[in-house]
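Would you mind keeping the following structure in view while I ask a few things?
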Amino acid sequence: MSYRPEELLAVTLAKLIRAVPTRHIAVGAASPVPAAACWLAVKQGEPVRLSLLHKRTGNPFTEGTRELFDLTGQGRVDLFFLGGGQIDGQANLNLIGTGEWPGREVRFPGSFGSAFMYFMTGRTILFREEHSPRVLVDKVAHISAPGISEPGVYRRGHAQALVTGRCVFAFHPDRGRFSLASVHPGETVEGVREMTGFAFDVDGEVPQTPAPTEEELALLRGSVCDEMMETYPEFCSRVFDRKLAA
Amino acid sequence: MTPIDLEAMAASVPDGALIALPPDNSLPSVALAKALIRRGARDLRLVGVPVSGFATDILIGAGCVAAVQTSAVSLGEAGFAPRFTAALKAGKLSITDATCPAIHTMLQAAEKGVPFMPLRGIIGSDILANRPDWKVIQSPFDSGEKIVVLPALHPDIAVFHGVMADSHGNVYVGRRRECGTIAHASRRALVTVERVVEGNFLEDERLAPGTINATYISAFAVAERGARPAALLDDYGFDAAYVAAYARAGKTEAGFAEWCAEHVFEARAVAAE
Amino acid sequence: MTPIDLEAMAASVPDGALIALPPDNSLPSVALAKALIRRGARDLRLVGVPVSGFATDILIGAGCVAAVQTSAVSLGEAGFAPRFTAALKAGKLSITDATCPAIHTMLQAAEKGVPFMPLRGIIGSDILANRPDWKVIQSPFDSGEKIVVLPALHPDIAVFHGVMADSHGNVYVGRRRECGTIAHASRRALVTVERVVEGNFLEDERLAPGTINATYISAFAVAERGARPAALLDDYGFDAAYVAAYARAGKTEAGFAEWCAEHVFEARAVAAE
Amino acid sequence: MSYRPEELLAVTLAKLIRAVPTRHIAVGAASPVPAAACWLAVKQGEPVRLSLLHKRTGNPFTEGTRELFDLTGQGRVDLFFLGGGQIDGQANLNLIGTGEWPGREVRFPGSFGSAFMYFMTGRTILFREEHSPRVLVDKVAHISAPGISEPGVYRRGHAQALVTGRCVFAFHPDRGRFSLASVHPGETVEGVREMTGFAFDVDGEVPQTPAPTEEELALLRGSVCDEMMETYPEFCSRVFDRKLAA
């Protein structure tokens, strides 16, 4: 059965979600693929609470925009998704920019809450579709949020994995390095190495990222898409061919 | 308390003021931002609570802004904020990067009248390396923990758009409580509202939880659709087409000037007729 | 989320639990306090947010309480809290004195996930001299200022009475936002409500500002008039006569026992018939 | 014109309120006389905002019970009233109790917010009707809130005055002492000295506290009483002979 790249990514993210007991996930607005993955995990029966941050109707927060951060400070957010203009081999994120501080060459929008969330959520899944040496660099130009922390710095969690358009990396906070967990259909270990600016570990044979099953695709295109229409109409139209009723 | 005129409100904002602004998902007063452009405000220092959006970008484009402290500047789905990006590249704008909960924490310190508050995270981020005003201390309760302490942030003026004001100057903002925090933390609060209604929201148990007490409100002005293109709770939605059109126009200085002439100056002239 | 039985809720509270309770002007769950007496709870440690009232006094009278941390214990117009006063005199109760904003600050530190927060004032008070867990530091931002830092306070259980719960377990408390803070700061929140209604308060912009998200609610039980004799927003008023009668009865242990038999045990037996 | 002691006290407190520019006063529930004084000042044309803390309808606060303290921390409360189970000559307050800590002899209810409010309001008027050596002591058994603070402790204000059933004392934070400002009709300096457990200064001739004028009494019994009926029905009935309509 044919599928779109976003569907593979959503299914792959859903597997990472379900790999660890998860009570509560917070998802930002600019993240339709992670949102689809969360809904898929829910529809697959995972008893997880979703807080969709920019949902207009039924927005989960009633204490203002600080509530997400307070909630996370309390240890009530088990999983958050982050990306980055640059991500390096130590899982450092750069959402600031390149060139001299504060981004004299290319300025990214800014750190948002990453310099807090990355420390205080139970775990983080890094997600960036573009997999190129421009994005996945040896050392980020500026660290907006560090991948690991020195002793004496309170840190509740780290990156669980980095999912890109080409592969899945697992992150190992103990050694501060990624290892290649699987390559997506059509990709090779050598191809991934070529397109990645940082060194990573390869432990034995690297499996292929499993393609979505028919069941997974039916859920995505059905009840997952239903849930996402209000917040992500453009994504639903593009990926699932679903249009809002006029 | 009676409403004042929107242009008079803009005139009461001095050049150089430190102004706290909520972003596009949280009741920005785009109406007052446009009035500040019309009055030719200069050297404003903006604080994004906790990030910055459309109103910040148009103020920057119009040359009203000297500095921005924020956790991000973005037009959301419409992409990068074009006049912010251009001004930064041209070296015409100073930006102080923060991270969202740090902005909230600095305002909450001001709200509580304490000189600082701690916040976890941040250590190891270059944001900290570029914030000489943020410090790292040993936790007084655990000598093994290093923690960031942030100074209280007292804006001169809080600016936002409420749903409505009552006869006493109480302002209803519903669940957007960050507007309350910036009003509490700021020396003055200038608020635009859709409408003024009779009565006292504080005496209505259903309205009181979403109300900011007039104690914190310095002045309010009526500005219909004053948050537009941002949404106003369930009153009206986000105008994505308007922002997308702005994002295209704002790519060049000339495009911005044209946009500004039409949407900031002409629109007002028409409304005033 | 579906309601549980009030007695089952009381049974889920272990002896020795650290329980945060709002006072008489702020939605105490007197219903759950009475159920805790019926279940024979022991060694509870109560936190008054920020002071303690009727519910605390009856729990003390029934021998459920080992310790109280609070800024005051009082029955308001009805005077001193009789069983608190007697237990303290008899040396059967440990009290840790605080001052109102210190209680709020310690809970807000827990709410924000920081290990401590500073608070001005207090220095020179003997409250501080009797709080080895409170410290005085030099402000990191002004070496000339001494300031108190307070540790985060994480109650095991938040207990309060809401107006209503919805189908999702969201609870409406209106302007009594301290109930939100204690829910945020506590490991569990056990809430009684007047009624359960269909729908989702978070999707109603008029109800959302006074709603505590179900994320923080561990369980809720229906208990009509569950705040009585305290008031419930505009639903029902404070029952001064009931408290005055209690204050008289509570002056002696025998009087309390009689009051308790009638108002805690018999009332339930009648209701259960 | 005859008047009740509470009316003299309310008029006296109102004069102290009006003696200093005051934008905002917060008043606790157990304080009908200070509340009457505040309303009197308002009805006399003083442009002051009143926040009546325990008012049920139209309660001023929408951020929960912490809002009063935050508001005061912000410097937005110019005047607050405090009392005490004991008050001493340095304006220290004891709301804790007597005997060994925490009040093994007589336990008072507790400090409430006094250990913060006394520092952070613009000024405080101390009010205690009972004027006896039991209440006005040389040294309080326990300090719940200190009258003065050492250098290095942030303090926005001090006691302006102490008003009792017998007299008005002014407080001088610079020398940490009270001086006798006026004695109420029927009292003498010697009588006050006898009933006061602490030493205080007497600078020259001590005037008599002025009796309420007819205008003041008319306001108190009229529009002030109107405002107070909802919150203090018992006080209005007792002092102003006004009963709630059945």
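A, B, C and D are the chain letters, set down in written order, and residue numbers restart from 1 in every chain.
Definition applied: a residue touches a chain if its C-beta (ideal position, glycine included) is under 8 Å from a C-beta of that chain, and two chains touch if they have at least 3 such contacts.
Quick caveat, the model's predicted, so the values are computed rather than measured.
When the C-beta contacts at A-C and at C-D are tallied, the pair with the greater total is C-D. Chain B and chain D have CA centres that are 40 Å apart. Centres computed as Cα averages put chain B at a distance of 36 Å from chain C. Distance from the chain C centre to the chain D centre is 29 Å, each centre being the mean of its Cα atoms. Touching two or more other chains at once are residues 112-114, 119-120, 145, 147, 175, 177, 180, 208-210, 234 of chain B. For chain A, the set of residues touching two or more other chains reads 57, 59, 61-63, 69-70, 73, 120. Viewed as a network of touching protein chains, the structure does not reduce to a path, ring, star or complete graph. Pairs of chains meeting the touch criterion are A-B, A-C, B-C, B-D, C-D. Partner chain A is touched in their complex by these residues of chain C: 110-114, 180, 184-185, 200, 202-203, 208-213, 215-216.
The touching residues of chain C, when paired with chain D in their complex, are 22, 25-26, 49-51, 70-74, 76-77, 80-81, 85, 88-89, 95, 97-102, 104, 108, 119-128, 130, 144-147, 175-181, 231, 234, 237-238. Chain A meets chain B in the complex at residues 29-30, 54, 56-57, 59, 61-66, 69-70, 73, 95-96, 101-104, 107, 109-120, 142-146, 149-150, 152-154, 234. Against chain B, in their complex, chain C makes its touches with residues 105, 112-120, 135, 137, 139-142, 145, 147, 149, 151, 174-175, 177, 205-210, 233-234. Every residue of chain A that touches chain C in the complex is listed here, in rising order: 24, 49, 51, 57-63, 69-76, 120.
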